[in-house]
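In structure tokens below, several structures.
Two complexes follow with chain A in common, the first pairing it with chain B and the second with chain C.
Then we have the complex of A and B:
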């Protein structure tokens, strides 16, 4: 592949319209130059670098998503090959009529919103405290971040023990404070919040680190100016500092929400199976159960697509926001 | 297994089985090596999640046209989910004369669509009530006198009043323990016919409801308070440590007693057929299924023949805590408990299939039943909704 300097120069500084017309007249139609002029000066020449990963990602990520979508439109169950001749939305209407699916979708949504908001708030609080030039700052930072480095498999077992009705540390603490014991795992009204609490414990440290980086990026002058103007500490953070953490908040919440959607690992490890305690079923566990316990591939694919759309609904606006700011 | 044939060509093949039975699997492999020293093999134990991981691995391999030579699973209606991907092993059954040495239920349950699809390796019993001897003695309860579910409930009440122990320990972090307790309770309380009608898809709603009423009484009053946050292993530990009087389980629970120190059959722990189901043996089979499109048909046939042989069944079952499915096996290498179990098995009036472990209903029905337990019967216990859900799930 040799570099065509003529065309390269043309499209490099000329307006696209004029460039196309000129090069068309000068050298006849050439796909390489046409592509280069359309997409940028080195489009074809650089393709050897970006094309292989582009195709691989396209095939294995986007191709798989599209294939999954196709399967969700079939009636594929059991072993064999799906019949692509008869596509309809039956699996989606079945999902809407399935109370188990609706419950799982609601739980997923609650987990998503509740976990993300509380974790952000907690992470911000911790970050502000750590940022107050306290002693042993690094030690505290490490302690708060440590849970995130642990695998869900480990933390789920910790929490299963801690939530134990009889001898779990949480019930021991609250009974010693004079309250009655709580059935954290067995009560369907509570278990989702218990799971959320455990996830929050695990990821608050991550939110803290993101916010801490955001806080450190704010010039000291802003703090000093607020103080000179006589703002109280609370007022200073609320009016001056926190509004500048928008970027950190958005990036942290996207990561947290994606983690919330992946709470499958935690729930799986908590009970050692695909069926979470009553009241804590989420779309991810429902999907795996339908696929592998019942071999309802099409239905499981429909659940997967629903989960995918939820994820897209979260990540899409974020990408758009970043795009508008010129970061993409 | 990969066969080393003369001239050095090898036909590769592999067998997939559950990891929970690692020691039993090792014994099985060792016995196979002794029988067929020329055959190389690859035995992949896969563990976790009550066979769920095994199911997922097998499902993926079958779906991708890369079946193992054989894999461990349950026969019976459970075979339905492998529709279209199982081959037949009629010739193995015939050449080995399995029909003459296996119980009739094994013969029936290993066929699907008119052909044998699998070979049994061993059997567990489901309608078991185990107890800690010193706890029931302290309570003044004679387990052998418990011949009905209501007598069991009275005994649980006595244990509660007379001792500090948990009357009946239950690990309910998964729903399967409750589903299998339903099966034994229904068999014991409503009888063989009602239970079989339930499995066959023509359930008597009143019988199902009455079963759930008894279950609600047991689970609502006499089990450990932390049931929902523990599983079978921890629950069973309550029996070993003397914290609980009774446990209902398949007799794999007894495997843990044998591994516990100073915890001996008849002295420290005892067995009682689940009250009301005396004379019956609720069946479970560990079997090897034969996938079609088999990567090593000849060696797999050898392996299937071996799985049903006396050598294999003795080697495997004494460690798994189960019994041979052949009735012509010398039981001298087994402990006294399994010897009794084998006798019950051979002499049972009825051998109803289990509900939760593949022999009674297809896997999708089983999932539906467990959905009902999860949403209606994992505390608070909603008898009517659970009964309705169960009837709907099995009805044809």
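Then we have the complex of A and C:
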């Protein structure tokens, strides 16, 4: 959807696709020239390329969001059609009063922050270790990245087995070390952390790859200069290398946070249904459950809009940061 | 004090199944405050030598001693050295002040006020006081160069190491910085090891020059000694621009027989040669003189092939009359002397200016006379 933002003063210039445009048409037909005047010299001529995807994306993404917003303002429930005549914020006040919603929102927030921070830290650690000219570097990189290539459904099943109370590998290891069994999935105080751990296992490799690319962009001389300047290895990384990874950190966090928000697939696959284990309900699972299990369409839409605003709160600043750096 | 000794320093890199000797048994002693320029063609091991002194490369064998202490196994951060990198290696996320303070913060226990004072002083010395709050990306190449130097001098180390610090500057700035670096080094009186491939920098800046080739030290001497009394053919050819002319000759009695000319020698020169018969005769372009009188023993008829006017002098590519086309040697003559391509001129190769090298080892057996 790029368009030429020239003021149009030079609209008589040759066009890149000059074979299509006819000069007589330009001066005689006023709406076309007016549009070109306003949006740039080839606005109308190029529209056949950008207009179809523009309309499709507009309808199915932004149109759907607006429709969803409208539904959240109705009282639509069960079968039938929503009544758009009576719009109010009732569903949002109901959500605030619903302890299930508040718990889900808190869990979402914990998952968002905890998962992102821990995964970033682990990914950075792995990236630094791999970057120190180790042997079998490519092999390790592949091993760490492999979980990322698996589907959520697969990893959820895999971790369900790992966390299994009676036969899970983790409990077997723990009991063989002399500790008691832990009910990873059944205990509402623990399950969220267990889920976070599994997600971290899956995404640390991704964070590692992003950080590794960032590290590779830092010239060797910076490491050497820091050493000659008297910094120990830890201080060198802390003061010279990691601050230069700001861009990588921001890119990786945005992706990780967005994945945390839509951890629905993982939780759905973990239990094979809309009802995640007690203590692990997040907004995404709540939203789907309200919509498709309880047919509370309007209420689910309100949850969806909340989730959308949270996502916007994450992506917005990132886009603004990129815009300020001239990347957009 | 900052005496730096390299004693039999050798560096071997593994290369596939074999190994590559990058630096081979290098011995250099630098006295406190000395400015030593290490020079050589690319790949000669000069940067590796510097990096071993910095501690960025391990030493395969031999010893590096700083103030009589062996520092082979001392980590770079504990060596009390400062290094200026070719790429400057300024930390992009820190201001100029942050860059300059970093080394002091990491390597000393100075208070924040003391660090601030020393950074301000060093910035004033380098003329970058007004840049202290800027980021490296906002600076020009010359300014970045000054910051990189400032970052080194603020540390007040025992030894400065400089790895081709001027090679990223344009020609005019480079000659300015050359002068400034010399002034700075003599003011600060800090032992400095300076690596370059540029023989002009080597000649003009150093107290002494160390010339390396293929990992081996060729000669350590003052610039003028290297120029007038080269230890071997490599040094003679590397130092000086345009470089020395070489002719392969055989000694027959008291005469040197070349492909296209004969050159009789006096007794004192013959005494230097001893019984070596396979020789290389060297003569610097500026020692060849154009003469009217073509009758002398050391005068030869030549044809002018190319003239490169430089203003103050002409670089003239000459060919002996009997030599095949393209087999030229170089003479520099006064800029006002009119010489054109195709001219036949007589030149003299004065015996007092010739160098003779052993044809097989390249060692100098006779160097030119130096008039007092």
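Rule of thumb we're sticking to: the second predicted complex is superposed on the first by the 288 of 328 C-alpha atoms of A that agree within 3 Å, B and C clash if a C-alpha of one lies under 4 Å from a C-alpha of the other, contacts with A are read in each partner's own complex, and residues count from 1 in each chain.
Here, a contact is a pair of C-beta atoms (placed from the backbone, for glycine too) under 8 Å apart; a residue touches a chain by one contact, two chains touch by 3 or more.
Not measured: the values here are computed from a predicted model.
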| item | value |
| --- | --- |
| Clash or fit (per the criteria above) of chain B with chain C on chain A | fit |
| Touched chain A residues, chain B compared with chain C | B |
| First, second, both or neither for A:244, with chain B first and chain C second | second |
| Partner chain(s) touched by A:79 [first = chain B, second = chain C, both, neither] | first |
| Which superposed partner A:183 touches (first chain B, second chain C, both, neither) | first |
| First (chain B), second (chain C), both or neither touched by A:227 | second |
| A:100 touches, of chain B and chain C: first, second, both or neither? | first |
| Touching partner for A:58 - first (chain B), second (chain C), both, neither | neither |
| CA minimum distance (chain B, chain C), superposed complexes, angstrom | 49 |
| Of chain B, residues touching chain A in the complex | 48-50, 52, 55-56, 59, 62-63, 81-85, 172-175, 224-231, 363-364, 367, 370-371, 374-375, 378-379 |
| Complex interface listing, chain C residues touching chain A | 54-56, 75-79, 81-83, 85-89, 91-93, 102-103, 106-108, 151, 155, 161 |
| Interfacial residue positions of chain A with respect to chain C in the complex | 219, 221-222, 224-232, 235, 239-240, 243-244, 246 |
| Touch list for chain A against partner chain B, complex | 78-80, 100, 160, 163-168, 181, 183-188, 268, 270-275, 277-278, 281, 288-289, 291-296 |
